[in-house]
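Two complexes come next, and they have one chain in common, subunit A, joined by subunit B in the first and subunit C in the second.
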Partner chain A sequence: MNIQVWFRWLYAALWRIFSGGQPIMNLDQSEMKEYFLDFSVALTGFSKFNLLGTGQADLYYSTIEQNIGNELLQELLQTFHNLDLKAKSANDQSILDKGISFDILDSKKFGAIACNIIKLWYVATWYPIPQTGQDSNSQKPFIVSPQAYPEGLLWSAIGVNPPAAKAPGYGTWSEKPSVTLS
Partner chain B sequence: MSQSQTTLKSVDCETVSKTFYDVVIVGAGVAGSIVAKQLSEQGKTVLILEAGTGKSLTLEGFQSHVETFYGAVDKNPNAPYPLNPNALSPTDGANGYFEEKGPLPLSGSYTRVLGGTTMHWEGKTIRMLPEDFELRTRYGHGLDWPISYKDIQPYYRKAEYEIGVSGNTEEQKGLGVTFMDGYVLPMLELPPSYLDQKVSEKIHGTTVEIEGETIKLDLSTFPQGRNSIPNPDYKKYNDGDDFIPQGVGSVEPVEYGERCQGNANCVPICPVQAKYDARKTLNRIAFPERVHILPQAVAYKVEVDPANGRVTAIHYKRYQDKNSPEHTLGIAKGTLFVLATNAVENAKLMLASELPSTSGLMGCHLMDHPFLLAWALMPEVTGTMRGPLVTSGISTFRKGAFRKKQSAFAVDIHNDGWGWSGTGATDVVRDAVDNKHKYGAELRQELISKISRQLLLAFMCELPADPSNRVTIDAQYKDQLGNYRPVIHFDVADYCKNTFAYARKLSQTIFQRLGAEDHTKYDKRDQDGNLDPAYFEYQGESYWFRGGNHFSGTHVMGTTKNNSVVDQNLRSWDHENLYLVGAGSMPSIGSSNTTLTLAALSFKSSEQMLRDLKS
Partner chain C sequence: MTSSQENDLIQSVDDLHFYLKQAMMIEHATIPPYMTALYSIKPGSNIEAFQIIRSVAVEEMLHLVLAANVYNAVGGDIRNTLSSDEFIPKYPTTLPTGETDFKVGLGKFSPETIDTFLSIERSKEVDEGQPIVGPRPSQNNLLAVRDANPQYSFYSIGLFYAEIIRGLYALYQEMGDDLFCGDPQRQITPEYYYDGAGDIIKVTDLTSAIRALTMIQEQGEGSVIGTIYDAERLLSHYYRFDQLKRGQYYIVDQDNPSNSDQPNQPTGDTFAVDWDAVYPIKENPKLSDYSGEPELHSAAQEFQSAYSDFLTKIEYAFDGHPETLLPAVGGMFKLKYQAERLIKNPIPGRDGMNAAPIYRLD
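Entry: the complex of A and B
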């Protein structure tokens, strides 16, 4: 383990101790969906308006639930929500950023699921996760629905149309790109 | 094409068995469709036997292909077309249809559906150069044609009309193509992409050396079979009328004359049907009642009268369900017979019928355009992944005395990024998320940085005819209908490998000029540890190539029955009422994608068929 990785690990461990174990609450469906959207905004970098605009939020939510189970999804969303609350009450966005990195993306339990949620939004594809009982060898990735494919956020993120859909019009490819690097 | 247009008639086996046709065509790709159109227009009755399903002829069927494509995780060239075990299509080695005997693979694909491979072609339509027809005489490689560029020139014009070509003749002239005085293509060239412009800005005017010759690195647009803006000067070649672009290949179109809209998905399916495919020819047949189509009919035998060599019938297997091998047998009869199933399938069908031809060259001289790829990240955001797959390239290496030592080539600038080299946009997302744990705004920036700056150069290299590169058959290798699968022997000659080596160096020069980060790497194995069959080492360097999908040469035309399979009109030397159309008849392919030339030859061949039917 190099020093940087070790430091990150230590930081994450301390963070986990100080943020305390997350109490498992019994969230109702609408709360879960709300947390899911907030979580998706943080993960994808797209606004709630954009996410809802894809028309795929419910389908994605149910795809995740079906594939990892309600309990694990609740736990993940609750973890996120607690971080979100903490960040808001302290008025410190970095609490949320660090929490997402260390408590979620770097976590054994939630990491692969969070990554999958991002990929679902970006490329409308669900990839098998080994530790949730999904055998990645026998299971294959799938596109959740043909209609979801053109709604993938990847295409708006890089300022292009989804190949084979939402054509931008004759000659548009000659113009300056709409995206930039900051 | 209007709403009232009649569809071609799909018939059943019974009708076929009761009818004696003027012409029986096997295969509803671009070659077969042109022959059907030309002959029916002159009052001839035509039957087309088609191995694939006939779904794509209706708009509904076409849209189901688009939807299948949307739902496919692996968006390969055959992704819109459901696997058909009764008429398999090779897909870059994916379904093991070709039995590859090596040493290198004939990777690439074609599609056995109504409309054929144009259903997923890219649509470049470049004429061959006059010197390409004399490869052996001028440069000492491959074969000469029995005809010259001048002989085929009028048919190129017909093909350009039929396909609806957009392009710039002035630019093409500068690259060595000759045209009749004042001729223009039906539509104006497609505008170069922003990426093209950025590449051009930095390399324009640069010169490089090749075998002692100096060559300029200028960019030019490619003529393409996709709709742009009709060229007003084309009227002269269209009876004084403006050229009307063909919009929709399916009948009952929703829109008409659709221009290319930059869907960036030309391969494998253009959702607005701005790109030509053979259904546009089929749907434009003026006398549809003269043309019968029997889909789901796989020809497996050409029957010949041993007394005179004349073909008497085509035997086919008709299936109902593509997933079940159950089928009935049928026979189609007529005066003339035309095989238009593409270079690999035509040769396979003849060999399966035990008709290797007097020359013994059936299946030999298999050619393709191997592609060497090189990829880099541009120093600035170029908005990659917009527009038709390719709008411009470098075509200044298509000619020159260097062709004695190494093959000619043309360079594509890919607007669709690195997908072909193995890192598609989805792979970049997976890497950023899974390996780098990027999310939120940082993820968006990462994707712009790693995708929107992508530049892929594809060097399309000429591979001359070599009799040992060939299609054969073997009773061990059959499909579920009991039909042969093609057995392929294929290698890339040093003549072409020299060009790979040169192209790799040239790509480094270009990237340097552009200030682009070179990411090219030819790995022996893929991420899962599988050996890349197209990997090889040459002069101490590693390379792999990708297949060009321009399969050709397998029933080559020539001057006598001893040096070729067909004559200059694509008529079989051995069977006087049999024509083998398509790129299989081409003795060389230069650095031009093959379809425009094979379409031109189909027009030429149709004229001879009409003469035969008169006599």
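Entry: the complex of A and C
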């Protein structure tokens, strides 16, 4: 057991002791996934319909879970969800926006993970995070699945088809581009 | 008058135009069901099934173009055909052949869906001189056999085309080359079509018209009853779908087709069909299925309107602007991605049932 993993174990054990033996969170998976989607909407600027429309939500969720561990993911999603609830009950979106900025993106613990989630949705690639206890030197970025690459939000954000995928049809190369640089 | 002549449905050029329009409706009517089943397959799974259904759908597009070529060749006016409200059927529907023993609907890739596809592509031989339409109890037919007994219908799409071919011969006997009065400039020729699904045939005379119609017939059912291949020595649609039920490929011997596999006895490689790797979509969805879900609702509406627009563009291409066909077909790819987005979205509150595209509004 390396030192980081050991610290995470200790942290979880202490939490259990001081919180009366309760596990850190007690979210079931469907709740977690729901929070994950809401969080992804906030991070990417794409609607839930568009995110689900990529067909990649479950795969991304499990990729994150496998790479940062279930507990840390729960903690992050719970943090987001609490901000979301606060913003909704005060009917003030800025609570959520500021909260995501200060409590998540600027946070040592969550910042890199949140950036990774954005990258995951946009370029379908998972990048190593040193702080999670994994050896970042031996782990390289990877595209999470062949089907995920063409579903990266990057392509619809810039209005083009992903190179080598989602071909726009025979002969369409003779048409004007659908986007301009201006 | 013999009994077969009493059953001759095509007696005039008007009749011929009517049946060719029906032919375009039939070819088109199969495309939304094939597309829906195709896109319900989860990406990365069922590679073989995906390729098989896709290959058939692409050929149905070719058939639509071939039917339009014949229609243009005999002087038909294509306006308000594909763009008419009635061109897209209300699913589930009977086919415009008039047969009512099965209905064609929009549903996910499943054994039941493949059974329907097999019914669409089924074949039957009728001896020469025998009527190819039979009296069958019918109701709610899209095709009332024109000016005739509404209880008549065709057993198969092939027999429907057999009547068109018979009618063409008969009218040619009467009229000679005057029958082919259409402007050849209106033909969709290979330079206006991506040649990925058999040959496009320019129709200017009886021979080319028969070739075009025979190709449609044979790609569906096979060239000779009791064989699995068509005139191009490719597996017919019926047996392509049959492979999905069996999880095994048929082998067609390209050099010597008579050495090909026998019907129902494939000897090719086996493959797995994963009926569960499929999105559980709403069958025959209506816009009202998405009420209360603004994003689903507007995505379904956008798809429907893009689909109607696509058909209108195809019609324009058939109406003397063949150079606009390829860009219009390019638009079909965008439709695919719109459809896939819907299919991947669960309908909230419907217990894991996903949305699906809508082709017609009512």
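Note that in this section the second predicted complex is superposed on the first by the 144 of 182 C-alpha atoms of A that agree within 3 Å, B and C clash if a C-alpha of one lies under 4 Å from a C-alpha of the other, contacts with A are read in each partner's own complex, and residues count from 1 in each chain.
Operating definition for what follows: a contact is a pair of C-beta atoms (placed from the backbone, for glycine too) under 8 Å apart; a residue touches a chain by one contact, two chains touch by 3 or more.
Everything numeric in this text was worked out from a predicted model, so none of it was measured.
By the document's definition of touching, of the two partners only subunit B reaches A:123; subunit C does not. One of subunit B and subunit C touches more residues of subunit A, and that partner is B. Of the two partner chains, subunit B is the only one touched by A:115; subunit C is not.
Of the two partner chains, subunit B is the only one touched by A:177; subunit C is not. Of the two partner chains, subunit B and subunit C are each touched by A:147. By the touch criterion stated above, A:167 is placed in contact with subunit B and with subunit C alike.
When the two structures are aligned on the shared chain, A:69 is found in touch with neither subunit B nor subunit C.
Annotation: subunit A residues 145-147, 167-172, 175 touch subunit B in one complex and subunit C in the other.
Of all residues in subunit A, those touching subunit C in their complex are 47-50, 52-55, 145-147, 166-172, 175. On the side of subunit A, the complex with subunit B involves touching residues 42-45, 100-101, 105-106, 111, 114-115, 118-119, 122-123, 125, 140-143, 145-147, 149-150, 154, 157-161, 163-165, 167-182. Residues 66-73, 75, 191-194, 197, 228, 259-265, 269-272, 381-383, 385-388, 391, 415-416, 425-426, 429-430, 433-434, 437, 439-445, 447-449, 451-452 of subunit B are the ones that touch subunit A when the two sit in their complex.
Against subunit A, the residues of subunit C that register as touching in their complex are 42-44, 194, 196, 295-296, 299, 326-327, 329-334, 337, 340-342, 344-346.
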